[in-house]
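For clarity, chains are labelled A, B, C, D, E and F in written order, and residue numbers in each chain start from 1.
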């Protein structure tokens, strides 16, 4: 059994990001395979390395990055949604002249097209959507 | 195959739960989580609707979300089963599809 | 790749107030390039997405409603619209855009893409799917 | 001084407009904008509520938001005045406070 | 600076599902340092913000409900809670946290901060303000 | 008559950001003074210079920056909300070790504390909140 996850909201603002993370972690802990986690709409904001959450709170971006490293999770940020919201990798930052060092995508996340979401729906046995 | 419906909205604020109840078919399951857990409160308009459908439709609620909101013990309407995230995963894998009511 | 799956895009939100309708449409457009069975559902405020006469000039935002009409050319030809949702909003099918497709199995005859269904019928459409994308 | 209430939520999806109507006092004004303009549609449950209060409470709706949603002409319930953004500013400055129903 | 104004914070959303309750509370805390008249209104799902027994350990998010109880020390002592909203949710005042303040004009006697009001009374409270912050 | 504006939602995702901009512009066009525009919650995302909106759509961040330049508007982004969401100026980026060039605050915006919102409420004759 393979699952794909769609995350439609940003960290902190909506619990959707937390729920998706807890669900993904619980699935992996049970040995259920996660084909891909796809970030769309404001969900792309889960993938910014620039967050500085309060000391006494969770770090949602880091939680994702750590989970990705531990389980070789595929975390994909939608490029169109990311451009609208100012999430860029190095190639994008360069291409749009945003200056050296401007890329803000976090470790473990990659930026790609919406086709990756469709593929996630096709290849996984179930798709679960977390949103607002 | 039957469907797992998941509802994360308060029934007092939004129409998502009402719409979900209107589209869930016999044999389906409905999981209340995030602000959707307020739908599990007893003694409300929505609780009546849930108990009317309970049996034909199975109702679940996510424990961690209940606890966070202070609804941990004795506040939940009859016929609703409490699960954790692991149980949430099981519900997803044992139903044919998951439909989110956002 | 496994055999073709049934994808349903469930639209329950009004356009313009939030971006969900627009970005859902962008998924539908990309998804059309994959060889899957695609249907769209318009339920609750989602029916407003395909209301006719949308004009965003004075708002300064992009009017994306014409794109729904172009979906037929991409093989997206099933727009299930819930009658109960129309009724509650004082709307009828006449208030919706004319959305059609050319049926290649019937001499490219122009046919309506919109299928008005009851809530009970919509529930059956939903259960008939492999993948349900909600925005 | 009277209050300008502003509502940007569809009354079919959320309870904001209902709550606003429940708290607006005689002499107040209510401006419907963004998805709130759907509350101005004639022949709906909410239209009845609006016409019941019209007179005691003044109702306005933002034209650009109406047009975007295809509700430009003839779809609006009686007793609701269409304004543009400039009129929105006037409503803010001529009432004692502005209360947003989010 | 002009003379003190009346600020009302209107809370209509449940905690945890969205960040509005938490970030509203952060404004109240900062605002308390300014010498203004401050009241809080809990309407609709906002009443859930001050429900007793909140325990977020298994959720992994911060439990900010104790902060409401500390607001008295910052001079924030008026929590208007709408009875109609409680009733609709099957709640009574007993389901709310005990929130009190020490009245410095009455020998620092401990008094309840929560004032349960009808919807009509809440409407009067709202109209009595200079600035209404909604989150 | 002086107005203050509170913007609680990010650009594109919710119309609140557009409405706030159109309202502010209409007020300025009528000669009504705007004391301050304060960005809170996801509203802080209006102030990222990294957005790359589609060619055929409006550029909300640039609209704000242009309006600020033309009318000497005070656009203030809440620091606590901005840190949670990854919006940083140069000082913040440096202080949190995010690397050279990582600052993503847009021209015309400044990052400051919540006290600026309270002050906006005190000093203006009316405060208008745009949110979700």
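Everything that follows uses one rule, which is that contacts are C-beta pairs under 8 Å (C-beta built on N, C-alpha and C of every residue); 3 or more make two chains touch, one makes a residue touch a chain.
The model shown is predicted, which means the values in this text are computed figures rather than measured ones.
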Chains in simultaneous contact with chain D and chain F: C, E
Fraction-based call for chain F against chain A, same above half, different below: same
Centroid spacing, where centroids are CA-atom means, of chain A and chain E in whole angstrom: 35
Inter-chain centre distance, chain B versus chain E - centres from mean C-alpha coordinates, in Å: 29
Interchain centroid distance [CA atoms averaged], chain A/chain F, Å: 25
Contacts with 2+ other chains: residues of chain B: 8, 12-13, 15, 34-35, 64, 84, 97-98, 100, 102
Touching two or more other chains - residues of chain A: 8, 12-13, 15, 22, 41, 54, 80, 127, 129, 131-132
Chain E: positions in contact with at least two other chains: 13, 16-19, 44, 59, 61, 131-132, 134-135
Each pair of chains that touches, named by its two labels: A-B, A-C, A-E, A-F, B-C, B-D, B-E, C-D, C-F, D-E, D-F, E-F
Chain C residues touching chain D - in the complex, by the definition given at the top: 13-18, 44-45, 48, 51-59, 61, 63, 65, 88-90, 95
Contact footprint of chain F on chain D as seen in their complex: 6, 8, 33-35, 64, 84-86, 88-89, 92-93, 97-98, 100, 102
Complex interface listing, chain F residues touching chain C: 12-15, 18, 22, 54, 56-58, 132
Touching residues (chain side chain F, partner chain A) in the complex: 10-13, 41-42, 45, 48-54, 61, 80, 83-88, 92-93, 96, 98-102, 104
Chain B to chain C touching residues, read off their complex: 2-3, 15-16, 19, 22-25, 28, 96-102
